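Common to both upcoming complexes is chain A, partnered first by chain B, then by chain C.
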Partner chain A sequence: MTEVQPIQVIKGNTAAAVAAKLCRVKYIPAYPITPQTTIIEEIASMIAKKEMDANMVNMESEHSVFSAALGSSMTGARTFTATSGQGLFYAHEVLHAIAHFRQPIVICNVGRPSIPWNIWADQSDSLSQRDTGWLQFYGESSQEILDSIIQGYKIAEKLSLPVMVVSDAFYQSHTSENVNVPEQELVDSYLPQRKISENTIQVESPKSFGGLVPPEIYDRFNKLHWEAMNIAEEETIQAGKEFSKIFGREYGAVEAVNINQNTKTILVALSTITTTIRGVLAKYPEVGLLKIRLFRPFPVISITEIMKSVSPECRMITIDRNYMGEKEGCVHQEMKRALYGKNFPIYDVYAGVGGKDVPPETIERIINFDFGQNVDPVWIDI
Partner chain B sequence: MTNNFYIEQEMMYSGSLGCRGCGWSMMVRYISDIFGEDTVYVVPACCFSIIAGPYPMNALKNNIVHSLFAASAATASGVRAGLDAQGKNKTQVVVLAGDGGTFDIGLQALSGAAVRNENIVYICNNNGAYMNTGIQSSSATPMGAVTTTEPSVHFKKNNPKDLMAIIKAHQVPYSATASLAFLEDYRMKLQMAKKHYGFRFLMVDGICPPGHKIEPEDAIKVARLAVNSNAFPLFEIVEGKNKINHRPENPIPVTEYLRLQGRFKHLFSTNGNRDNRNSEILEDIQRNVDERWIELGGNIFNI
Partner chain C sequence: MQDLLTRFQPLEIRGHARGGQGMVTAFEILAKSICRSGNYFVQSFPFFGVERTGAPVVGFIRISKTPILNRSNIYKPHLVVVFDEGLISQVNVFEGLNPEGSILINTNRSAENFSTNAKNIFTLHATGISLKYGLGSKALPIVNAAMMGAVTKVIGGSLENLIQDIEKYVPSKPKENGFSAKESYHVVKWLESTKEIIPSVRKTTGNGNSTVPLVPSWNKPMTANKTGSWRVFRPVYEEKNAPCTMNCPAGTDVRKFIKQVSERDFESAWQTIQEHNPFPSICGRVCPHFCQQNCNRKGFDGGVNIGAIERFVGDYGIINTPDVKPIQYAEKIAVVGAGPAGLTAALRLRKQGYSVTVYEASDFAGGMMQTCIPLFRLPEEILSQEIHLIQKQGVKIVCRKKVNVEELKDQYNAILVSIGLQKSSKMNITNEEFCTDGLQFLRDVKYKHNLSEYKHKKIAVIGGGNTAIDVARTLLRLGAVPVIYYRRTEKEMPAIREEIEEAKEEGIAMEFLTAPVAVEKEKSSFVVTQTMTNVSGEIEKEKLKSLKMIRMTQGKKDESGRFSSYPLAGTEYSVYPDRIITAIGQKPDAYVFGREIDRNEILNNQGLLSTNPVILCCGDLAGGGTITEAIGSGNKAATRTHKLLRSENNVPVSTNNGKQNDWVKPEKINFNYYSFAKRNENPKQHLYNYLNDFREIAGKLLQPEIVDESNRCLHCGDCFDCGNCYNYCPDAAISFNGKKTLKINYDYCKGCGICVIECPCGYISFKKEEGERDGEVETGLKPVCTVIRN
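Coming up: the complex of A and B.
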């Protein structure tokens, strides 16, 4: 850390808005939706107070928000927006377009589910968009949301891929925490102005963007995207290392807590539930935590490395705060894929779906749950 | 204003992918001539998205952004904002859309961009159906027309959406209708659209021989009859006032315009006389044309 950075007590949504300002975002097409709304309100307020030099526009829908973001980013302008639940679902078509137009847009999605109506913490919205070609980061704290947006632009602009930074509704979006808000100069040194690439609209060199691609060459575009996704985990680790040099906070694609050859159980979790697990671990020296920060692409390299030190009898328990219409939750499916060929016993628990609180007692119930021979996922506290 | 119909600055390459007699190429040649080099085009799914060229081709000497179907006006709003953020305020952003992408699926984005008075030009080639997917009904399809989704006796039974009234209600700086059969008027309107700042809207009567079931060589003739029968009146809306640009001295009956098009063939019997059932439809169409003409500020005493 090069200098002392000021600590502020701010909400997760404020952290996201401040991150957009620090990244010198130029254009924010916006549409209100709970629980994201205070992000765009905060941005509007900073612009009105001339603390932020950007153009925020009230659009008519999230479909238009993401389409306008796409148009703006295609000119080379750094672009940001925020949404939640239905807004992300409504933008689904455009998410694909942004990813495959290779535009480095960063968004903050404050997760909530769909029907039955619910506005509380749940990752069904963003996890159901895991196949749209975006990178996805799940943040545990307001600090991590702020830092991940800054790193997000670094990675996005390097790989020409969009980044979705996901936070938990209310537990995070509307909860105040200490946040180290970096100085503008530090962010500028980490994240210089966006370079104008061949992917941008330039009047001097006219191009056609997004014309019909025939079957003979269509696969090349997917393969190029795939190649970028394949190095995204390494780029995430690299961006985290560079970040820690300047800001003093370390980030990887995953975080392993208390994982070693003596670990008997590993809980796999995302976002705010990981904080609760951290608190419980003190009582359970044989339990470890595997926090998934980068969810797309799933950090198989990092997980494989971590699991090398673990005894083959160690149980894995994935915690799924999402429902995907499949027997197993999304985190479980991905973990099984990452552990393919290894014989760790692996169990799945649905916890906290629709914003249900997951207190330390629930984490203990999960740790002490007798799965027996049962391989079906467990709905805890139902 | 000039009487010169020559394309002075040819921005479109030869070798159109349009159908024979299609209005798109001719329409865009004039647009790109007048808007020149410093222009970015945004094209949603429509016939022009094909005519503009599949990858890696580009029919225009300009940037073209192929947008999502529902999102041309929103995408153009973003392109505008991105250019402005870089000080490129002089660059024109022009949407080229069909009627489906304008009247139907793109209406939300169009309304949003219009009411924000985004500094873009939106040009709709209204050929009265989803022609790119093969002649399915849109809310611009005229009463009486058959399409593949309203075939035979299930021909279109209601009037098309009055999109110009909707645009007018958004109080945009400039909007107008235009026809390729009235090139001087069309060029004047492109110049006017270029000159204004803010949201500008042009609706061009779309010529579509395969969709309208007409011979390509009759395309301009049919477009002229549309104007001279008041079925497609030429007007501008400036500062909330309608200004009719062409008042036919002796408007021809709308049947003369419909008769040449195969999509209305069922309304006329084989020997050219109307049967009773269809005469009511034809009267409805004529009544609607007259009512809209009066609403616009025209009169029908000379009919």
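Coming up: the complex of A and C.
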């Protein structure tokens, strides 16, 4: 992205709304919650101006929003919604249902934590939903939020799995910046209409959904879901490649910046913090960045591939903008799993939780932090 | 100075404003415009606290020729933009400013007044410029376009692009915002500081070694957080005028007596009405009820039947024996004409302590109420009882005495002339002498003259006012067949709507858009025999042949708001009534003045013809035309006479009780809090045969129905302790301790305006903070109730 393209300057939340329009979403159940609200406001505005052909229903809660999304998706309608923090927590039960009814719903979650009360950037809401059977993408820019929603439908509909695209509160959701909004025809060619399958509700051939599944066959459903999850990383990479052919922007499951055999330290991060890390790297030629874009399923294949070139002494430092009630943060836990059997020294830093600003100075403090023999995570800037 | 855009890579701008000033929008538009004008990468984002309108807000812009690789807040800005100079004392707006940096302040003071660490100080009176272009109000000027213009100048951006983007993205007044930005771009002032710059130390992130408790909590109660300081608008409990009260020409506090009725305190309700109107029983029956016509409940499920309530209260109090007030002034007052205006003025002045004598030319007191309102609308005993009540309070009434001011001048210090308009106007058509005067007809019927001569006769009634309707309905009861001819349409008829409806129900024929042109006569001869002399002879006499009419059509609306009508040439036709009665308007009997008098002379002097002695006209003579207007006129004349006699200034009398139109409008009423309740209509007598039956048509409502009807009152502009504000206040800033004790604690009221919206009756005003300037929020500016999801 060194060359400025014909662009618009829009907010992250606007980018999400525009993506929903470009994907020709047909149904949006919605419930407002800071800092996501402007997404559904933008969508409502586009529908009102007849720029978007969709039905939007203002529900009484997020539990209902996700239930309605499940229902509409089961009829074959491309369905979108957005939520945040408490809203996502409240929908937790239905998240399982959507994933295991195998509905290709895409949502945008603008991350914020729960208690202590807070409305600012934090990933503990979406990361604590990592086991609900959804794919999760973490976007770094308004452009990536927009592109990930488009790719999200591609992958979701291919795998019959739901996708959650996560953006950071305010640092992303309310930041206006340069975004290349693609032409509708290009999006149409990348993302054709959703196919109706025999699993879609069709009045001509009635079926029952949601009945009790007995022990003898329960595992088969889980295994089918598992098989889809197992190929999700490859599908993400594939979808990214196809995307780049049409739109010229390439995405994988992860992104490695300055990672090679000379790298002494690798910072592992998600979302907006990665941008600030990119800026700091210029001063630190021996430091690399591993950006995790696909968080669920965790991109073990891509990471393993990247780490092949790295010297075994290279330090890994995971940056966690989440607190999960475990000693290590969520990113750290997953990285350790991905690096199982390898002996990279790996450290964890809690940074930016509850929206605390992470300026370049903080990144430098992390890079220069003397971890010594300390294996406990570090709370930076506390 | 070199443009900031050229000097700094990336250029970092930090803005300080108050929530609601539009800074975040301004920075977004600036980012768009800068990006477009120079192929820049831009980043614009706000930092919101939990606060809302009025609280300090920070915004950031980064601009760079290369991708921006930083998503943190800006701590070392090259430019600080201050939207509200009042913030300088509240927030360290200059913190971390680059040693070569600049500040831009919205102020009407010069740059020297600011103690800052900035190298370059830019000033702009954005507030003044914005107001000049009508952006926002004095209370809340919208300065963001002006500030955008100045920022564009300071950083070296393109004004042309900015104006295009402003016109494209501002929510309203695109042109004016563009002008404001353009002017600001050109007038922003620059001062290079000669002071030595002490670099500002920037605060590091994190809170050092501060500790927090185990459970998220603060060592102060929430009450320590005086959220009232965020308030920009202030809700204020403020009694407003009710439409019923404001539209009562007599000045009756309608809302108050309805409330008293709803509390079953009929005695107090009667006293409330008596303060302005000594004729509630009569008015409850025959007043056009301007109160009811303007009731805010009208568009909901029908206005409150105030007439029925007033009638009930009047009938309830009619047996009262009020006190007689002592005479305390030497001046004597004469009132000429015992109609509603004269009697009201007489009573007021008598109660004030003057000796008052009322002179009446006819046999009975009551004026038009006595002579011209038919019995089926106003029974005789009601009228006589209410007049008797006035006499009981010490007013002397002398009947059958036609006087003029000359003969009274020497005996009285003040003469109030309230003789009404007793003479009918002329139509000015040929042979008009064959027509009967409508008022005279009604008088004759009241005094039981010539009742039988109308039986089986076809009568043409000319006119569309109350007199025409009364005449026609009276004729019906005399066995005649009346037809009303009116030159406009039914909609334009000046008569009381209910009366028109009742007349139609009684089967009275009405012809509209038609007017008389001429009366045609014919000779008739008949034989008269003198029995005594047995001489018989033929006498020739002229009699009515026909009434020539012409069809009318409607033109434009005239000053009174009614359509003018004009005749259609060639559409003349004739009707053949046995008699013609005209009721097309009235004029005064000039006898009282002892000279011919032009009514305009009276109207132009607001009724005051002389001050020594005081000669003051009131009632129909001085304007109006309904009983309540006459009563109101009597009240005013009494006040004025008292002031004149006591040598107080001759205060001009306004025609309205208060500020024109100054009452709670339906849009200020929150109808969600009122349930539908059917209006209690007066029962109507449906007579099988109207012949000689002058019984009252409109029946009365019984006490439970009256109380029920009074409970339909919306209490426009008057708190009735519903407690909505108390219940809905999200800050628990309202306390309630029983009847009429609602109180707002302004230490905590954030001015969200929820109480204003949820108040059913419009009792809460929403005013700009600091009690300044514009008063209540302008129309269109709704309370902002932005709440964070809890």
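As a working rule, the second predicted complex is superposed on the first by the 376 of 382 C-alpha atoms of A that agree within 3 Å, B and C clash if a C-alpha of one lies under 4 Å from a C-alpha of the other, contacts with A are read in each partner's own complex, and residues count from 1 in each chain.
The criterion applied here is as follows: contacts are C-beta pairs under 8 Å (C-beta built on N, C-alpha and C of every residue); 3 or more make two chains touch, one makes a residue touch a chain.
As the structure is a computational prediction, the values presented were derived from the model and not from experiment.
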Have a look at chain B and chain C on chain A after the superposition and call it: clash or fit.
fit
Which angle, in steps of 10°, is spanned at chain A by chain B and chain C when each chain is reduced to its C-alpha centre?
60
Give one of first, second, both or neither to describe whether A:171 is in contact with chain B, with chain C, with both, or with none.
second
Touching partner for A:52 - first (chain B), second (chain C), both, neither:
neither
For A:95 in the superposed arrangement: first (chain B), second (chain C), both or neither?
neither
On the A-aligned overlay, A:256 touches which partner chain: chain B = first, chain C = second, or both, or neither?
neither
Is A:71 contacted by the first partner chain B, the second partner chain C, both or neither?
first
Just to confirm the geometry: in the superposition, how small does the C-alpha gap between chain B and chain C get, in angstrom?
12
Overlap of chain C and chain B interfaces on chain A (superposed complexes):
none
Which residues of chain A touch chain B in their complex?
26-27, 29, 55, 57-61, 63-65, 67-77, 79, 93-94, 97, 201-203, 206-214, 217
Which of the residues in chain C come into contact with chain A in the complex?
27-28, 31-32, 35, 39-48, 50, 66-73, 75, 204-206, 216, 788-789
Interfacial residue positions of chain A with respect to chain C in the complex
1-2, 4, 7-9, 11, 32-34, 86-87, 115-117, 119, 170-172, 174-178, 272-273, 275-276, 278-279, 356-362, 381-382
So in the complex, the part of chain B that touches chain A is made up of which residues?
37-40, 42, 49-50, 52-58, 60-68, 70-71, 73-86, 88, 91, 108-109, 111-112, 116
